[in-house]
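In the two complexes below, subunit A is the common chain; its partner is subunit B in one and subunit C in the other.
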Partner chain A sequence: MGMELFILMLIAFMLAASLIAIETRDLLSSVIAMGAVGFALSVIDLLAGAPDLAITQVVVEVVSLILLVRVVTAREETQPVPSDALRTAVTLLAGGIFLAVAFFAFGGAGGGATVPPFGQPVLTSANPGVSADYLARTAEQTGASNVVMAIVLDYRAYDTLGEATVIFVSILGAYAILRRVGRRKEARA
Partner chain B sequence: MNQHHGMTLIVKNTTRLVSGFIAVFGVYVALTGHLSPGGGFAGGVILASAGILVVLAFGREFSQRLVTETQYHLYDSSAMAAMIILALLGYLAGGFFVNFMNATSPQSVGESVGRLNSGGTIPLFNLAILVKVAGGLAGVFLALAAFRAGGRSQGADAPSVALPGGAGEKED
Partner chain C sequence: MGIAIYLLTFAILLAGLYAVVAKKNVVKIIVGAAILDYAVNLFLVLIGWRTVSTAAGAEGGAAPILAAGQSGRQLLASAVDPLPQALILTSIVIALGVTALMVALALRLHEKYGTFDLENIRRLRG
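On to the complex of A and B.
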């Protein structure tokens, strides 16, 4: 229970930081508030028993923070978005939909299917219990002692291939935008 | 922040001391991904951050003398190809992405669980993802740095180079 309270405090911190990131006029403060959200998320990962995720989150957060700070300090142009009636209406509508979905998901209408309680994910409580099967048979089936890696790179390797393809394509796109050959041609013309 | 000559002497000396250790730690996190928390993606980002540190501290010309963007892109692409070839090799044992060197298959080369060469193709995939992620991230960062510096030095004769999408033509 103590850990749950700590996680709730971290979530409150993340909400506050993301509000600051949205509302502040200074782009650098906004970027740093985004970084605070990411680091708090990595602490939550660690508390919830997911060190693989926590390592990846910290490392990616550091690199993306460096990139964003570098980009933001290179150019200082901020355009505050004017608030109008339509924007407020859309925001209120989205908030209302979120509240309604949360109400039904936590069994507010007395329905059957609800979100499982904290610490008991679906894969352990559902009937076949595939999670227990992974834990019991990973060592003999794959030979890896880190079950997360065995799932990511053996049982569900298609998923990893898709993820790698996404990274590859996005990096190709970045190279295509940033290439210098096209710039030189356009500069001469 | 002077783009062409990097940062101060303190930063340069610290980078000289630390960047090698960062790179080795990234490779370690990826190579022991099947034994302990970590994996190819996290290791790749750590390895890329060593390259990013060199770009930040010494400037882009120094780092381009070490590795250019094209070389980074070559690493990225060849690691992607290696990943797909490794997945295709799974047909030796029956299907795409089948772990053909794991503990139960006849081609097994692994020792007991917990040793470095256990896990069949899992460490090999981790290695491919390490090279892929490191090459991709460090290459994009170097390309960004080169792009900015290029825009600044050309500023006199080509004031605003038009790019589709309006990405980054307002450095000066």
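On to the complex of A and C.
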């Protein structure tokens, strides 16, 4: 119970930091508040029994913070940009409907939940699926002691190959967009 | 308690969605997309969360890593769900690639139009 309360507080912190990131006028503050959200997520990963995710999240967070700070500080943009009133209203409406549906789907009104309740993953249900098999037999099947890494690198290695391809292509795309060599001279208006 | 945790997670997701839909600054849209991504990853981590009742009371599940001398069956009794974690690991790294690509596009837009404001960029086109 104590752990759940702590995680709840961290999620509340994430929500507060994301609202600051979205609503603050200074773009540098906005980017840094986004970094706070990511680091809080990394702490939650650590508490929720996912140390691999915590490490990856910290590394990715640092890299994306560097990229975004580079964008924000290299360019001058001080004028505040307001948000669109109509779109804000539509998003608020859609958000309200979404939260209400989620409330009922998780059995908030006392009805039957259609999603496994918090603290009881599919793993512990009567029909545990593939996760239980991974946990019980990873050691004999792959010789790995870390089940998550055994899934990423042994059971689903083709997924990981695809992920590496996506990363490679996106970095290549970013390079192609930003390069200066071989670009045609733009007409100055 | 559980439902409060899930609903707060969805609130973060909606905050990100709001930034993507309603903001007019390219940097704010990138930040919103990143926050949306965090919320989805958080939700999937929490789906795998497990409460284990021990002699000392209920506590969180262990990381799905075998300790020395521990068998897979023993791990099955105490560990959190490893499958969502394996998929989120992929998702986190891909999010970095997506962010890098969006940042590159934003830099290029700023280079061409001299502003991050999407309204002005639309007006300048053509």
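Here is the rule we go by: the second predicted complex is superposed on the first by the 163 of 189 C-alpha atoms of A that agree within 3 Å, B and C clash if a C-alpha of one lies under 4 Å from a C-alpha of the other, contacts with A are read in each partner's own complex, and residues count from 1 in each chain.
Convention: contacts are C-beta pairs under 8 Å (C-beta built on N, C-alpha and C of every residue); 3 or more make two chains touch, one makes a residue touch a chain.
Here the structure is a predicted model, which means the values were calculated and not measured.
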A:Ala157 touches, of subunit B and subunit C: first, second, both or neither? first
Subunit B or subunit C, by number of subunit A residues touched: C
Partner chain in contact with A:Pro51 - subunit B first, subunit C second, else both or neither: both
Partner chain in contact with A:Ile177 - subunit B first, subunit C second, else both or neither: both
Partner chain(s) touched by A:Phe104 [first = subunit B, second = subunit C, both, neither]: neither
Subunit B versus subunit C as contact partner of A:Thr142, first or second or both or neither: first
Touched partner set for A:Ile66, first subunit B, second subunit C, both or neither: first
Partner chain in contact with A:Ile167 - subunit B first, subunit C second, else both or neither: both
Residues of subunit A contacting subunit B in one complex and subunit C in the other: 51-52, 56, 60, 63, 67, 70-71, 75, 77, 139-140, 145-146, 148, 152, 160, 167, 171, 174-175, 177-178, 186
Partner subunit A, residues of subunit C touching it in the complex: 1-12, 14-19, 21-25, 27-28, 30-32, 34-35, 38, 41-42, 45-51, 57-66, 71-73, 75-76, 79-83, 85-86, 88-90, 92-101, 103-108, 110, 112, 115-117, 119
Subunit A-facing residues of subunit B, complex: 1, 29, 33-39, 41-42, 45-46, 48-49, 52, 56, 69, 73, 76-77, 80, 83-84, 87, 97, 99, 102-104, 108, 110, 113-114, 118-122, 125-126, 129, 132-133, 136-137, 139-141, 143-144, 146-148, 150, 154, 157-158, 161-163, 165, 167, 170-171
Of all residues in subunit A, those that touch subunit C in their complex: 1, 3-5, 7-8, 11-12, 14-15, 18-19, 21-22, 27, 30-31, 34, 37-38, 41, 44-45, 47-53, 56-57, 60, 63-64, 67-68, 70-72, 75, 77, 79, 81-84, 87-88, 90-92, 94-95, 98-99, 102-103, 106-108, 116-124, 130-132, 134-140, 145-148, 151-152, 156, 159-160, 163, 166-167, 169-171, 173-175, 177-178, 186
Partner subunit B, residues of subunit A touching it in the complex: 51-52, 54-56, 59-60, 62-63, 66-67, 70-71, 73-75, 77, 139-146, 148-150, 152-154, 157-158, 160-161, 164-165, 167-168, 171, 174-175, 177-180, 182-183, 186-187
